[in-house]
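Listed after this line are the structures, all set down as structure tokens.
Next, two complexes with chain A in common: one pairs it with chain B, the other with chain C.
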Partner chain A sequence: MNTLLAVIIGVLTVYLAYTRYARRIDRNVIQSDPKRATPATLYMDGVDFMPTNKNILFGYHFKSIAAAGPIVGAIVAANLWGWLPAIIWLVLGVSFIGWASDYSGIVISIRNDGNSLSAIAHRLVSPRSRTILFMFIFFYLLVGASAFVGIMANVMESQPRTHLGIILLTAMGLLLGQMLYRWRTGLVGATVLTVGVTLLGILAGPWTEEIFKGFNAGLNAMTGGTPLVTYFDPTLANFKGADAQIMPSLLFWAIAICAFCYAGSVLPIWRMAQPVVYVGFWISALSIVLGLVGAALATFIKPEVAQFVLPAFKGWNPQLGPAGIMPLWPMLFVTIACGAISGWHALFGSVGTARQIENEADMLPVGGGSMLCEFLLGLLALLAVAVGSKGAPVGAFATGLGGFISVWGVPLQYATSLAFAAFIVIVLVVTQLLFRVMRVTLSEWLGDVIPPVRSQHVSSFVCIALAILVVMTGTWIYLWQLLGGANQLMAALALLLVTVWLASVGKSWYYAGLPAVFMYVTTIASLLVTSYNLYFNVYQINLAAGRVVPVIGSGLMVMVALLLIVAALFIGFDGWRAFLRYRRRAAPTPTPTPATARA
Partner chain B sequence: MLNHVFAERVARLREALGRFMYGMTGFEFARHAVEMRHEMETVFMVVTMGDLIGIPVLPPVYSLRLLPYVVPEIATWKRNLARRKEFWEKEEYDLHGV
Partner chain C sequence: MGLRQKVQREMLETGLPEDLKQEFHRLSEWAHTLPEKFGTRVRIRLVDAASIEGFFKSLIRRVGRYPAFSVDGARYVGADFSRVDALVSQALRQKEAQPAPRSTASTSN
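This part shows the complex of A and B:
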């Protein structure tokens, strides 16, 4: 297997899924009608509801859904089960489930006056489903932010070459916000300056590596080389599990990441979060485009970086820790989330993109098209890790992506540095937004009961403290799978809602209903497996060793997993009852479309 | 003729790519600027024309002079204020790629 063949498979998947399946559903089931008025045109207010060109929306929606999710999932899955199961799930998942979820999230909102999924669930399913969805979001954000902080702290501690780039990214993001919103500088000039300086900082990373290594050594010398915390990590020693140590340097970088996220959470969005995301976007987009085209060309120009090194298949139930189980079903299907299907996309699409769709014919290219493009991003991550399988999962990804970028003539050392930085940048900018949203969610949830939580500083601090506690369990793979489980469950619930809506309007519901059942059963099973792993592989081992922090953290994670299962059972039960209610009811008379009415 | 058709297609493709890039880059800033302006305009409308939505503001002469300019905006303004908003529709929920 080589990268060219994988890229061809990817492009063919996108073409076939879009033209042979998605278009058919759009035409025959949803019956999108370009002449039917959309909420954007009906309720135009110049802000939320605003008819927008489909190509602009395509770019906006794609950028909004594509980032860390598809990359991390593919890296983890390829290392656990091999590249073959990962690529099969990516292809099948996006073709039959992923695009349908994204597209349907937009469709259901457009056909329901631009309402959000929660408001539609409140009306169609049951009032409590809205509250449960709310709880879902908070825990989803908690495990997501914790997983990302854990991954980043480890990568930053072990890769001092990335530090200069990240420091400059923060500084340039702040400068860009000032330039755009205060000094009113043109976007092109401001972009060239800020992205250029950040890129130079990233490429200069290898030169400053020794300085930051010395800095880390100085920090570790403060305790005489003694670790601050010792915990059992089942992912170490080639997934056999071993004791891991938190050194002062790791804690320093974890705190630095949290300080960055804290600032991103409490400052006005234009001041830091938005411009940092923008600068980060250019860095990651540059790496991804160079990497994807490089992966296709590598077979001809640099064949040594195009051959898969990772085994195609590693087993149905690979070993992870002494007592852990990792069965391919259901765990693969939540480990790779966003590249195949993601619940967050449907949630975002229903409140963001759907209200700007100018015409129903744009629903498929914007919703389905963006998801199919995100699949290519997941595929690139899979290719990178499959060809560069040296070292830890993230290191393998960076080595592989660096190899693809080096096809363009960039020296491998700098290309790898760019790939590492791109990974951290993608994860970092997402994490600050996760904390920002988590802070808002917490304030809204508990603000009435615990008034101090209404303060953005208190709520941000609580969110960060909770995330750090979970990170201290040292089990980022389980955290990632918990995040994947919550995310895929949200996708299943979105598809369930679409199924209920299709039944309520007398349309064929199979294209959404069958994936909904599959994802619902799979994700509940995966949450049970993750709970089992956390309890027997982390909680009990650390309890026996008398380590308090990992015990509290892993206990919290088990409770989160069980809470998600209970919440999903409630929504599933309500959804099933609503589905039966609408199925038994006589099919409504189809509303004449404007075109029919005129005829 | 064939060249003309080809050139037209290339121009269309270039325009679509340009818009796609704008969607990924500047569109977000433009939307945020619109949102900021909208918030300021809401404050202005409430202060000057609050009685239209039940907030008792005595209409001074300036409000009456502004009224003809405000009339075209009243329908969308009232609709925007009346629409039930979920808390996760706040700007902080503009998540990017999770």
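This part shows the complex of A and C:
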């Protein structure tokens, strides 16, 4: 297998899924009508409801859904089960489930006056489903933010070559905000300066590696080389399990990342978040475009970086043993979420994109099209890790992506630095936004009961403290799979809601209903596996060793997993009853299937 | 108010410094007067200068300061909206002389 073949498979998947399946559903089942008024045109208020050109909206939707998820998931899954199961799930998932979930999240909102999924669930399913969904969001964000802080802190601690680039990204973001909004400098010049300096900082990373290595060593010397926390991590030592140590340098970088996110969350948008996202966009876009085209060209120009070195298949349950269970089903399907299917997309599509669609004919290219493009990003991550060298997953990804970028003549060590930096930039930009949404959620949720959390500083500190606590428990893979479980559960519930809605309006529901059942059963099974792994392999072992921090953290994670299962059972039960109710009501009139509708 | 609206409004409120926010409000008020002045003959398109699209528009149209207006290719940079009205009127007169589709005014802010 080589990268060219994989890229061809990817492009064919996008073409066939869009033209042969998605368009057919749009035409025959949903029957999108360009003449029907959308909520954006009916309720235009300049804030939420705003008719927007489909090309702009495509970029906006894609930017909002395609972040760290498709990259991290593909990297982890390829390392656990091999590249073949990962690529099969990416292709089948996006073709039959992923685009349908994104597209339907937009459709259901547009056909229901621009209401959010929770509001529609309240009306169609049951009043309590709305409350459950609202509480669910906070834990979902907490697990997401913790997973991202954890992986970034680990990369930054182990890769001192990334430090200069990230420090300069922050500095240049602040400078850009000052230039654009205070000094009113032209955008072109300001972009060239800030993106150029950041890029130089990233490329100069290898030269400053020794300086930052010394800095990390200095931090660790503060405790005389003694770790701050020691815990048992069953996923270490090739899943045989070993004691892991949190050194002061790791905690420093975790706190530094959180400080960055805190500033991004409480400072005015123009001062930091917006300009940092803008500079970060250029860095990540440059890496992705050079990498994707490089992956296709590598077979001809630099064949040594185009051959897969990762095993195609590592087994159905490769980690059975002391590290706990990791069966391909259901765990692969939550480890790779974005890129195949993601609940975040449906959630965001229903409350964001749907309120800006100016024409029903735009629903498919924006919703379905963005998801299919995100699949290509997941595929790029998978290719990078498949051709990368052995070692830590993110390291293999950066080596692989660096190899693709080096096809353009950039020396490998600089190209790899760019790949590492692109990874951190993509994750960092998303994490600062996650913390902003999380603090607003917390203050909305508990503000009336605990008034101090209405303060943006207090709520931010609470969110950051919880995230660091979860990071300190280690077992990052379980944390990622918990996030995947929460995310895919959201996708299953969104598809379930779409199924109920389709049944309520007498339309064929199979295209959403069958994936909903698959994702619902898979997600609950995965959450049970994750709870088992966390309880028996982390909680109990650390409890026996008297280690307080990992016990609290893993206990919190088990509690979140069980809460998610209970929430899923409630919503599933209510959804099933609502579905049967609408089916009975619609029974006298046969529901047209896509085939009969076409005939 | 829903969660998303809270986040969205907070982002909008802190999206611009106070002076630029005032300027944006004046621009917005002026844009709302266009249908009254020119009916449906004018279509306005607002482009955020601090965006990827804004970058390419600024590069192609060689704009270094904002707000900047482009009316069927004719350019004006500044906040004197009567000058833009004049450009639109001029463009419409030219259109009337030679039958063509609607005039397009785009602005970067």
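By definition in this document, the second predicted complex is superposed on the first by the 574 of 599 C-alpha atoms of A that agree within 3 Å, B and C clash if a C-alpha of one lies under 4 Å from a C-alpha of the other, contacts with A are read in each partner's own complex, and residues count from 1 in each chain.
Basically, a contact is a pair of C-beta atoms (placed from the backbone, for glycine too) under 8 Å apart; a residue touches a chain by one contact, two chains touch by 3 or more.
It should be emphasised that the depicted structure is a prediction, and the values quoted were computed from it without experimental measurement.
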Quick check for you: in the superposed arrangement, does A:V429 touch first (chain B), second (chain C), both or neither? first
Just checking: does A:F58 make contact with chain B only, chain C only, both, or neither of them? Give me first, second, both or neither. first
Contacts of A:G69 with chain B and chain C, given as first, second, both or neither: first
Can A:G144 be said to touch chain B (first), chain C (second), both, or neither? first
In the superposed arrangement, does chain B or chain C reach more residues of chain A? B
Give one of first, second, both or neither to describe whether A:G189 is in contact with chain B, with chain C, with both, or with none. second
With the two structures laid over each other on chain A, which partner does A:E304 touch: chain B (first), chain C (second), both, or neither? neither
In the superposed arrangement, which partner chain does A:I269 touch: chain B (first), chain C (second), both, or neither? both
Touch test for A:V437: chain B only (first), chain C only (second), both, or neither? both
So, does A:D45 touch the first partner chain B, the second partner chain C, both, or neither? first
Residue overlap on chain A between the chain B contact set and the chain C contact set? 46-48, 56, 59, 116, 119, 137, 180-181, 187, 191, 269-270, 274, 278, 281, 351-352, 436-437, 440-441, 444
For chain B, which residues count as touching chain A in their complex? 15-17, 19-29, 32-36, 38, 76-77, 79-80, 83-84, 86-98
Using the touch rule from the top, collect the residues of chain A that touch chain C in their complex. 46-48, 56, 59, 116, 119, 134, 137, 180-182, 184-189, 191, 267-270, 274-275, 278, 281, 351-352, 436-437, 440-441, 444
Complex contact set, residues of chain A against chain B: 43-48, 50, 52-53, 55-69, 116, 118-119, 137, 144, 180-181, 187, 191, 269-270, 274, 277-278, 281, 285, 338, 342, 344, 348, 351-352, 426, 429-430, 433-434, 436-437, 439-441, 444, 487
Which positions of chain C touch chain A when the two form their complex? 2-12, 14-17, 20, 28, 49-55, 58-59, 63-66
